[in-house]
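Got some structures for you, see below.
Next come two complexes built around chain A: one with chain B, the other with chain C.
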Partner chain A sequence: MASRALWAQRLLPYLYIGPALTVACVFSFVSMGISMWVSLHDFDAFAGASEFVGFDNYHRALYSDDSYFWLAMRHTAVYVVLSVCGTLLTALPLALLCLRAKVGQALFRTLYFLPSITPGVVLALVFYHIFGNYGQLLDNSWTALPALSLLGVWAGAGYNMVIFLAGLTEIPQLLYDAAVVDGANRWQQFRHITLPMLRNTLVFVTVMTIIGSFQVFTSVYIMTSGGPERSTEVIAYSIFVNAFAVAGQMGYASALAWLLFAVIFVFVFLQMRVFRSRRIYD
Partner chain B sequence: MKGSRRIALVAMTLGALLMVYPYAYMVGSSMKTRKEFAEDRRSLIPSRYQIGEQLAHFQGEPSALDWPGADWSMWRNYVDAIRYGGIDRYLGNSFIYAVVITSIQLFFNILAAYAFARMRFFGRDLLFGMLLATMMVPPAVLLIPNFLVIRELGLVDTLWGVIIPGFAGAFGIFLLRQAFLNIPAELEHAARIDGCGSWGILTNVVLPLSKPAIITLGLFTFMGAWNMFEWPLVVLSNQDYYPLTVGLSLFRSETTADWPRVFAASVMGAAPLIVLFLVAQRYLVGGISLSGMKT
Partner chain C sequence: MAILPVARLKLLAGILLALFLVGGIVARAGLTRRWVVGLGLEQTRGVELRVWDWWSASTNEEYGDYFAAIEAEFEARNPDIDIVYQVVPFGNYVQKLSTAMVGDTPPDVFQSSVYWAEGFHHRGMLRPLNDLLDADPAVPGTPSYVGESAYLPSAWRHNHTQGRGGKPPVVYGIPQIIDASCLLWNLDILQAAAVEDEEIRALFQRRDDDGAEGDIDWTRIRWDAIESWDHFRRLTRKLTVRDEEGEITQAGFVLSSSSGAGLFSPWLAANGGRFQDAAGTRSMFASPNGIETVEFIARLYWVDRVCPPFRRQMTDSELFKERHAAVVAAGTWSGKDITRDTMGWTHFGKTAFPPGPSGDGPSTVTWGNMLVITQRCENVDAAWRYVKFVGGLEGSLLRSLHLGYNGPRFDFYATERWQQALRQRPYLSNVKQICLAGDKLRHTEIIAVDHQANPIVESVLLHYPEIIDGQGPYPSVEVAMKTAAANVDNVYRRYNEQVESWLALREQARD
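Here is the complex of A and B:
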């Protein structure tokens, strides 16, 4: 009897972590394994046919003349750069302004935060019209991609502002007082106190924006379908179209997904390091 | 000093107007008739409610009040979106998905987080590291293989197919574990002396003390589930199971779409989360500030 109770005691933890661990691992590691297998095959999920082709799918994505991988990657990179610059140039100033304004902070935070809690599909539908009303931004292959990243920056501004606000309020007022005594002006205070003290937050916001932007899908799907003239075809959209809209391209689409993963991984790795160094519920 | 504050206030107010404008546009357009929207896509107020048109009508001149549909109530598009657009079903589906995902994920995550925080067992650190590593895989990469897993399980085009991947999340476990670790171990020892097992400790001591973290995680999970789009788009083909996001996306390329009605549906899709946000704001903002949690 006693030993049975002991066994139950020993197994209990696994019972506790079992369900969550199973789900989390199946839909990440097991999935990744399947994805790797599929990417090495000429795979048609719906016909149920598959043939081993080695690295042909990767080769096709990287070197074939009819491949849109590099085109999609270029568009994605442009979108990422625009989004990161736009985010840093709006969210941080907004946070500084919000602190300075003193009154109405809660109201501002609420209003600026609205897009973060609105379905992306709704935002995309509304901006589809707003961009259409003012200058047909989405009909021009030069402005469509910047317009999409404008939506991304607009939607993320409040969320990132809140993160910057948290970072800013952690900076000891003492440092500023000391700087004032030393005769530092506003810019010098910002340059030599605020920026260095915000380093972790800046890295965090930048990396999160990069990772998120690399995977932009909803606004492209709703607003442009990759057009006009493929000018907004980004990698996540390519993956989706090849896997689910074109028959028999799932292997190729999986290869695209792995190539995307390879690019993102650097940033994911950075994110994990920052994530671990952040103090949570201290 | 005073001046810079005023400038900041003005700048923040202008920014706030930019944030609110798309919402005003959405709500205003949702009250237009089709003709009003076709005639004037930019205005925030439907023609028949504009003072100029009302005056013209009062003076017996032709005005927007003579247009077809001028007797529409403000809510007509909302009623029609439900009556003819099936929006009520999409909303119901979204609600079911969000509630089921949130409750099951909270349950699974709490159990796992408690074990990782308070129990000793073989391979604990290894398994926890593995769990954290699952966060490193970007969702865009998992789209296809997750679909294949769901297909192998025979769950394509079912409610379960949509919700099962959301049953657990490494981030939630990480967050809860941190909260649980902050509870003084003495409280648990006391409960154990009083005869509580680990389940009793979890429900009587740990959960009540980590309410804020649990509420925060629950809200984020709910919002994430309500807003999810690409996954249900891939898994579902039967319109009866569509969540609101996928239902709305059907209109995207229709040039003949009844846009005011689509806007009405959009408002109904966005409103529940906005209400939830206003009610529970402090948990959400606190959660983001502490952890950079993403909806």
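Here is the complex of A and C:
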């Protein structure tokens, strides 16, 4: 009897997570498996047939003369760096300012959060005309990519600010009180209390920004189509073009998608290891 | 805690409102159709014909009127057929179709852009129409005939294969519309300039053959009025107006650097060149004609300085609609949109592209959309009746009436409806000649080709002076064009290998 109860106790959690796990399996893991299978084949959905080509698609992406993989990766990396720096330099200060606002904090929080709930297509169209009317940033190969990352930073600043705000409110006030007693100025408080205590939040925001930035697509698709002169061709756009604009290249596009996954995985893995290896406080 | 009566009423009202909204959505989505049919409240029809289109009443209510008219007319004559329209956005067409094919739920009939039609045929998605055309009782010269002789050659050439190796061409679509690239002229600007300029005055049509001064028809420009590239250059220079600081306030011409191959193709056709060979196996634009064409376009911008600065955010049609440009390159279909967006302005006209130094005469590139029947269509007879109706004269007339489109058929241009359209919209007057003069737009893989060619053509246009000085991203225009051609050839090579593999797979499946 006791053992049956024990089994029930052990099984129950799996029953609870069962439905969500099933959905995740079907729509994520099975899809990923299919995508991996497609990347190893010369596949076309219309023809409904395929031919096994091994790692040819990967080889073509990495070594072929007419591959834009490395160009797209370079652009994506620049976009990621600009976006991560931009996000950290805007979202955190915004959160600090919001926290200090005695009046209208909820209003500011809502206003800054608004871009996060606005469809990306709408934001892209608005900024398309803003950049066109002020500075013509999208007309120049040197400024187009930074302009896109500016939009990315602006669109994500509110969301990340809310996360930082949640992290900031978790920091015990008594630490600051003690620091004041010890004569610490504002910068020292920020450097030695706020930043270390926000470590987990910083990791989360940075990881999510990196993942999101690696996948940037909407703004490129709407605002530049990879131009001018291919200067904003990023990897997600390259995957889309190959998957849906070129007949029979779904396998190649899937290979590009897996290469992107590998790059993101390595980045995030390294980052998690680096941050996990240092214990800031207990 | 007991619920107060007012709160209970609010709750009840909320539930009723929610039910009403959900019921409305369900009914509107057609999910109640089976119940209604089951109750005998609606007359049942034997065949349900699923038709896909990207024309949508949500983008323009005139499309709604058009489909309602087609549905009413067609179903009245074919009481056994129930047409079910499904709108699929243009940008998602290929994805949705591939999903439908994999899910075994493709439409019976759909409108196909020239962008995809031949590719769909290569993949075995489309039902060949040769047997249906052969068995069709309609006689050539009658409104319901949908064979080759009924259509402008420029409309018919996009809907069939070349018929290589002794095999007859396979027809896979019936033309629905015909479009061409053209030069769009602001006749207000031309008329003002014509007061003191005989050369500009000569661009307009005359009301009769006498050619008296007073007989100029200011509403119509001649379709072949521009005699050469030099003539075009001269005119656009005259029509460019600058302010005191030298800024262009009225552009002689507008160039969009990002248009790349799209802008380049009609000028190339007018210079006696072709973008690719007829079979689509290799590019041909890196020829002397092609290099001459790119240099001509670049020089309009950099040497003649008749264009405002390149701007991705301001399309050439936007500048034209704001009446700040004398001429732009556009599609023959664009007139209606310009009239709509400018609250009724119709004083513009269309010409073909003037012949270049190596060209034979005015030319352009044309394309046409068509109705196709999917290979898995189960009601071919119903689908063919629908295709014939829409592709026949009546369909053309309904499109003219509701959508303002010109038609792909010869007999359409002899109807009173067309004459009426010309009186209402004189800018349509040259459309037929322009379409007849055009060459075929590259047939398939357009987006893939553009993806390879556009950035390089764009580089040439943006850095032309540096390239000429040997300081640009390419050592010469010729090298740039050959690089673009090599990239495009790679697309064609891969595509043709793909087609071969599809054919082999189909052969295997048949065996």
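Just so it is clear, the second predicted complex is superposed on the first by the 241 of 282 C-alpha atoms of A that agree within 3 Å, B and C clash if a C-alpha of one lies under 4 Å from a C-alpha of the other, contacts with A are read in each partner's own complex, and residues count from 1 in each chain.
Keep in mind that, in the parts below, a residue touches a chain if its C-beta (ideal position, glycine included) is under 8 Å from a C-beta of that chain, and two chains touch if they have at least 3 such contacts.
This structure is a prediction, so every number in the text was calculated from the model and none was measured.
S.K.: Between chain B and chain C, positioned on chain A by superposition, is the outcome a clash or a fit?
M.R.: clash
S.K.: Determine, under the contact definition given at the top, whether A:S225 touches first (chain B), second (chain C), both, or neither.
M.R.: both
S.K.: Given the superposition on chain A, which partner contacts more residues in chain A: chain B or chain C?
M.R.: B
S.K.: Once the structures are superposed on A, label A:G54 by its partner contacts, choosing first (chain B), second (chain C), both or neither.
M.R.: So A:G54 meets neither chain B nor chain C here.
S.K.: Could you look at A:L123 and tell me whether it touches chain B, chain C, both or neither (first, second, both, neither)?
M.R.: A:L123 contacts chain B only, not chain C.
S.K.: Of the partners chain B and chain C, which touch A:G183 in the superposed model: first, second, both, neither?
M.R.: Neither partner.
S.K.: Please work out whether A:F261 is in contact with chain B alone, chain C alone, both, or neither, and reply first, second, both or neither.
M.R.: first
S.K.: Between chain B (first) and chain C (second), which, if any, makes contact with A:A245: first, second, both or neither?
M.R.: It touches chain C, and chain B stays clear.
S.K.: Which partner does A:F131 contact after superposing on A: first (chain B), second (chain C), both, neither?
M.R.: A:F131: touches chain C, not chain B.
S.K.: Figure out whether A:D42 sits in contact with chain B (first) or chain C (second), or with both, or with neither.
M.R.: After superposing on A, A:D42 lies in contact with chain C but is clear of chain B.
S.K.: Give the one stretch of chain B, out of 183-191, 237-245 or 273-281, that collides with chain C after superposing.
M.R.: 237-245
S.K.: Please identify the positions on chain A that touch both chain B and chain C, taking each partner from its own complex.
M.R.: In chain A, positions 45, 128-129, 132-133, 225, 244 sit in both the chain B and chain C interfaces.
S.K.: Give the list of chain C residues in touch with chain A in this complex.
M.R.: Those residues of chain C that touch chain A are 94-95, 97-99, 101-102, 119-120, 122-125, 257-258, 309-314, 444-445, 447-448, 451, 454-455, 458-459, 462, 473, 487, 490-491, 494-495, 498, 501-502, 505, 509.
S.K.: Can you list the residues on chain B that touch chain A in the complex?
M.R.: It is residues 4-5, 8-9, 11-12, 15-16, 18-23, 25-26, 29, 41-42, 108-109, 111-112, 114-116, 119-121, 124, 127, 130-149, 151, 164-165, 167-170, 173-175, 178-179, 182, 198, 213, 223, 226-227, 229-230, 234, 244-246, 248-249, 251-253, 259, 262-263, 266, 269-270, 273-274, 276-278, 281, 284-285, 288-292, 294-295 of chain B that touch chain A.
S.K.: In their complex, what parts of chain A are in touch with chain C?
M.R.: 42, 44-49, 51, 66, 128-129, 131-133, 136, 138-139, 224-230, 241, 244-249
S.K.: Could you please specify the touching residues of chain A with respect to chain B in the complex?
M.R.: 10, 12-14, 16-17, 19-35, 38, 45, 94, 97-98, 100-104, 107-130, 132-133, 154, 157-159, 162-163, 165-166, 204, 208, 211-212, 214-215, 217-218, 221-223, 225, 235-236, 239-240, 243-244, 250, 253-254, 257-258, 260-261, 264-265, 268-269, 272, 275, 278, 280-281
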